[in-house]
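Every chain is named by a letter (A, B, C and D) in the order it is written, and numbering of its residues begins at 1.
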Amino acid sequence: GRYGDFGGKYVPETIMFALEELEKAFDEAIVDDGFNKLFQKELAIYSGRPTPLTPATRLSEANNGANIYLKREDLNHTGAHKINNAIGQALLAVRMGKKKIIAETGAGQHGVAAATVAAKYGLSCKVYMGKEDIRRQALNVFRMKLLGAEVVEVTSGSQTLKDATNEAIREWVAAVEDTFYLIGSAVGPHPYPKMVKQFQQVIGIETMDQFAKLRDGKLPDAVVACVGGGSNAIGMFAPFIDKDVPLYGVEAAGLGVDTDQHAATLSKGRNGVIHGSLTKLLQTSDGQITEPYSISAGLDYPGIGPEHAYLHETKRVKYEAVTDQESLDALEQLCLTEGILCALESAHAVAYSLKLAKTMSKNESVIVCLSGRGDKDVHTLMERMEGGDTE
Amino acid sequence: GRYGDFGGKYVPETIMFALEELEKAFDEAIVDDGFNKLFQKELAIYSGRPTPLTPATRLSEANNGANIYLKREDLNHTGAHKINNAIGQALLAVRMGKKKIIAETGAGQHGVAAATVAAKYGLSCKVYMGKEDIRRQALNVFRMKLLGAEVVEVTSGSQTLKDATNEAIREWVAAVEDTFYLIGSAVGPHPYPKMVKQFQQVIGIETMDQFAKLRDGKLPDAVVACVGGGSNAIGMFAPFIDKDVPLYGVEAAGLGVDTDQHAATLSKGRNGVIHGSLTKLLQTSDGQITEPYSISAGLDYPGIGPEHAYLHETKRVKYEAVTDQESLDALEQLCLTEGILCALESAHAVAYSLKLAKTMSKNESVIVCLSGRGDKDVHTLMERMEGGDTE
Amino acid sequence: MNKRWEVFQNSSDYRFVPYIMAGDPCEEATIELSLALEESGAAALELGVPYSDPLADGPVIQRAGMRGLKQNMTLEKTIKLVSKLRDRGLKIPVIIFTYYNLLLQLGENRFIELARENGADGLLVPDLPYEESGYLKEMCKEQDLALISLTAPTTQLAKLHRLASEAEGFLYCISSLGVTGIRSEFRNGLNDFLKEARSHAKVPVLVGFGLSTREQIEQFEGNSDGYIVGSAIVKKIESLEEQLLHDRQNAIYDFKEFLQSLIPMYSR
Amino acid sequence: MNKRWEVFQNSSDYRFVPYIMAGDPCEEATIELSLALEESGAAALELGVPYSDPLADGPVIQRAGMRGLKQNMTLEKTIKLVSKLRDRGLKIPVIIFTYYNLLLQLGENRFIELARENGADGLLVPDLPYEESGYLKEMCKEQDLALISLTAPTTQLAKLHRLASEAEGFLYCISSLGVTGIRSEFRNGLNDFLKEARSHAKVPVLVGFGLSTREQIEQFEGNSDGYIVGSAIVKKIESLEEQLLHDRQNAIYDFKEFLQSLIPMYSR
């Protein structure tokens, strides 16, 4: 359960047995052909996988650099890569005989994914969400309810994602015997980061295969993904880590890494423990966790998946930070040149890939993980770009 | 250009040459392997086709009837089948050397699809939209602008879809020499209905193939699709029309076909001409076109594609009408049992498929075309279900 | 060819054919406006029928249609209005300008019957191109009604020749792309188009769409046999709406003054 | 084992171990509350450290933490507070209750050094389970600090035996699933769990989580060597917040009265 110093299981003793039970079930499942086939089948017939690898021809031309390819996780059911992991964990929950799932959510994307798989597999679902986020994301709250989930308002702390996660863990501690905690990112205590990677690696595996088919068996010259908790990135990177391919993780620099309004965990954080895992963490000098900031609701997490902390430390992956404004510009450019409205999270990866591609030759190729679609961000974009109030 | 008595080219002389030019270009394109391959490739790598055929296991069980399968057009790029046709027509526009496209839109879905392909293929795009619809669909208006399209406010008539279409035709008449009119449904003058069918038949072709693979080469026992203008339905029906498979088109009964608040063109309309085509039409006794009503913005069109009028008259397809309330109930049930939030349009098809499946044996299979996702309808659903004002 | 068309065709004037909307702003106004137009020199009259979806018309005529709809004006009532015009002494040919859907609902045969009964002379259907007009054209011919053909600058040459040679009543040459309405510029090459039309037509060749000033009218004199003015007249009627309803005498006086300023002397 | 732990372990009382939050509502109040607790019979004291993300705590202690944070209470200040408690005469063992992240930032070695210097006796880290505590456990042992182990009703038997036999200071048996807080029901089979723990522990076995009334405390007497009360006491302190800041004397009096009603006679 360790990636170098990072990872581990920093949780109350009450749920230690559940982590062990989960680890055992997970380890058994992933060597069970039946389970793997079922998972692959559900990804295909329910979520529409494989998602395409789209050459961004006009974007690449406009940028005058390397060829940019987009891995289209935005085309998944519910609009992002989140569903890959949600399906995997839900199938595991069913296999373990659990009837109840709980989940945390920030902007509501993982909450919707969790509520979706709960409905599909006939499980009950409670989603913990900060009061502040509930106010900001009324549409997603309604969607979760429509899917039959109970949305639990979290009023502790800053009333956002980290507090919703705390509260979900508290609920899990209380209901651990019959409840499956469906974590949405590559964070949390072992075996969650490993499990989320396992269920998300389909992104990278498909990508490697698709690129090889398009380009005579070659590997790409660079792979870029955005990193909040880091699940789309770890899934995309997974099969490339032991290959000779430069990998780039893109964090949210918010208003700038030199301000106090950012979510650049690896650039600015220190080792610490959050939500059961030892990782890099944005915190005060004496260890209070601080509230991160990004225009993208999916990147403003004060921690990061422990494997990313490790890949950062070992320098296998280069982590860069991109500001709100850079991501907005990239989002607009992608709209105008490719007709794709990506999520603000993904726009961070796009923004960095544009910078990177400019430094590369036109024979080279950069693959960007387009982790989700931007429909959910239209309100934010309108407020930002038109100054209009849309609520 | 005729389906029995229906169809034709009822347009001003000024644009007749453009329809002929279009017909010629279209007829050449669809026998050109290069064009067809390019179209299929774009559908695959840009929109993520093939879309899956998802067995709705829990929905079928809950309904206690035939097996229901969902053709997942909701998983297309931009969230509905609309993009199939938009890609096809845009590729044709490029082939014809046109640099400008115009389009009409009601709720904004086709407008977004048109703006999307315009961005992707480097064309300029003007979208005509009723003033009333612009007010109701501010988010889609913003999306179109983000994609670089100009949204033209239409203040004539009832300021909704039919008037936007009139206005787009007027613009086409004025700019016919260098402009491609990208019609969004299986309506309009010849060759549009034929062309839209050609570009949408991928739905039915994939479905037939996927079902055969799942079920030992069999054909389904029924196929159901919703019908506004009728593009998803004609695309789904296309390969089944000359097979022995019962087909069902589902119109919007709104508050009921016995009220004056419905969009049940085939059930209640009479022969007439709208937007260049002779078809069935909701109108007053002396021939003024009336404003239809449905909770679903994509079904409230006073006309219908001429081939549907023909398939109705020849009884090859059975057309049924489903009310607002029935479609809402079906939408909710699909959410709760399958974790899929479908468009209100598609919910009409789901509602009818539930009725139909109940009358069939458990060994039989019904395929429903899930034409689009319901994200766009969440505001409407919230207002309706929670009575909340979300604007 | 009936007598009214004979007079129209044999005239040596530069023919003025106005368009007004039936029932705009009321039936009686339409009658008096029609008579005023004839008095001011109109060689024929296009009588528009209000329609919910007039896709060949610009905003001025769209608004006129809305006013006509408010008066519950229908195609049938418009045809019957011709009989009232005849009773009041109107002698020029009257062409019913209707969208095809209205005609379909009334029935093509019923339309022709009513047109004959009520003294209408022709029919113009802006959304019924030559290719779709076979049956109606034949019926009209049989019953001595002129189905007016439209040609556009985009009409292919071979088709233009066919349209021109088969034209009844007059040949309507659209002066520019776009819908009806007032324009400040016309299409390049328009005179070539008119010459081509004239060389094949057995009926007068008229130019229309967008003409709104005497200067514009005069510029086509050499290349056409007349001209159609719609939106400019309808816009004047719109400005006189209140007066036409409540002080008709003065409105008609004002309307005639407007026509005096619009129509070239040699065309009256 | 230091002298304070010796006294604690050798006591024949039914041990009362209260939990309070450092800096709630201010540092001086914490000192006086601690002394009042000792006077009222506390056998040891758990001193909580305010933390932004206390995921093992219920709402009562979360709120106490927020109050402590407002006072800028930190882990380092909490440890140094122990020295002040000693100066004011506190003789019972003091256990610092801190989340692991705070400890990491201060540094585990630095913590131990400070704890030794300031007279703290132990350490409880609710999010540091046995499996992750190897290094800290060893360091604590070397430096004669007790790293308090928690066991839960869900702890597997083999692990319970190991935890119990290795426990230092006392063994903390969690009485129910869930976070800290006041409960009206406890888990079935809890007494079996306590018996099992006691049969393997070399230190007193205490029960905690959710105890808020004398009746609840009494029901565990036969099966444990003491009990921990947190939320019930913190809630009382919360109700006395204003008084503790501005009229401390009376607040402490009131607090002691509350303790009298809570703690069974035989346990003082």
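Points worth noting:
Assume contacts are C-beta pairs under 8 Å (C-beta built on N, C-alpha and C of every residue); 3 or more make two chains touch, one makes a residue touch a chain.
Listed by chain with UniProt protein names: C, D = Tryptophan synthase alpha chain.
For clarity, every value in this text was computed on a predicted model and none was experimentally measured.
Between chain C and chain D the centroid-to-centroid distance comes to 97 Å (mean Cα coordinates, whole Å). Averaged C-alpha coordinates put the centre of chain B at 66 Å from the centre of chain D. Annotation: 38 Å between the Cα-based centres of chain A and chain D. Counting partners per residue, chain A has no residue that reaches two or more other chains. Shared contact sites, meaning residues of chain C that touch two or more other chains, are absent.
Interchain contacts link the chains end to end along an open line, per the touch definition above. Each chain pair that touches appears in this list: A-B, A-D, B-C.
Residues 44-48, 51-55, 58, 72, 74-77, 79, 115-120, 122, 138-139, 142-143, 146-148, 332, 335-341, 375, 378-379, 381-382, 385-386, 390-391 of chain A are the ones that touch chain B when the two sit in their complex. Those residues of chain A whose C-beta lies close enough to touch chain D in the complex are 8-18, 20, 156-157, 162-163, 166, 169-170, 173-177, 270-276, 278, 281, 283, 285-290. Against chain A, the residues of chain D that register as touching in their complex are 51-56, 58-59, 62, 69, 74-76, 99-106, 126-132, 150-156, 159, 174, 177-179.
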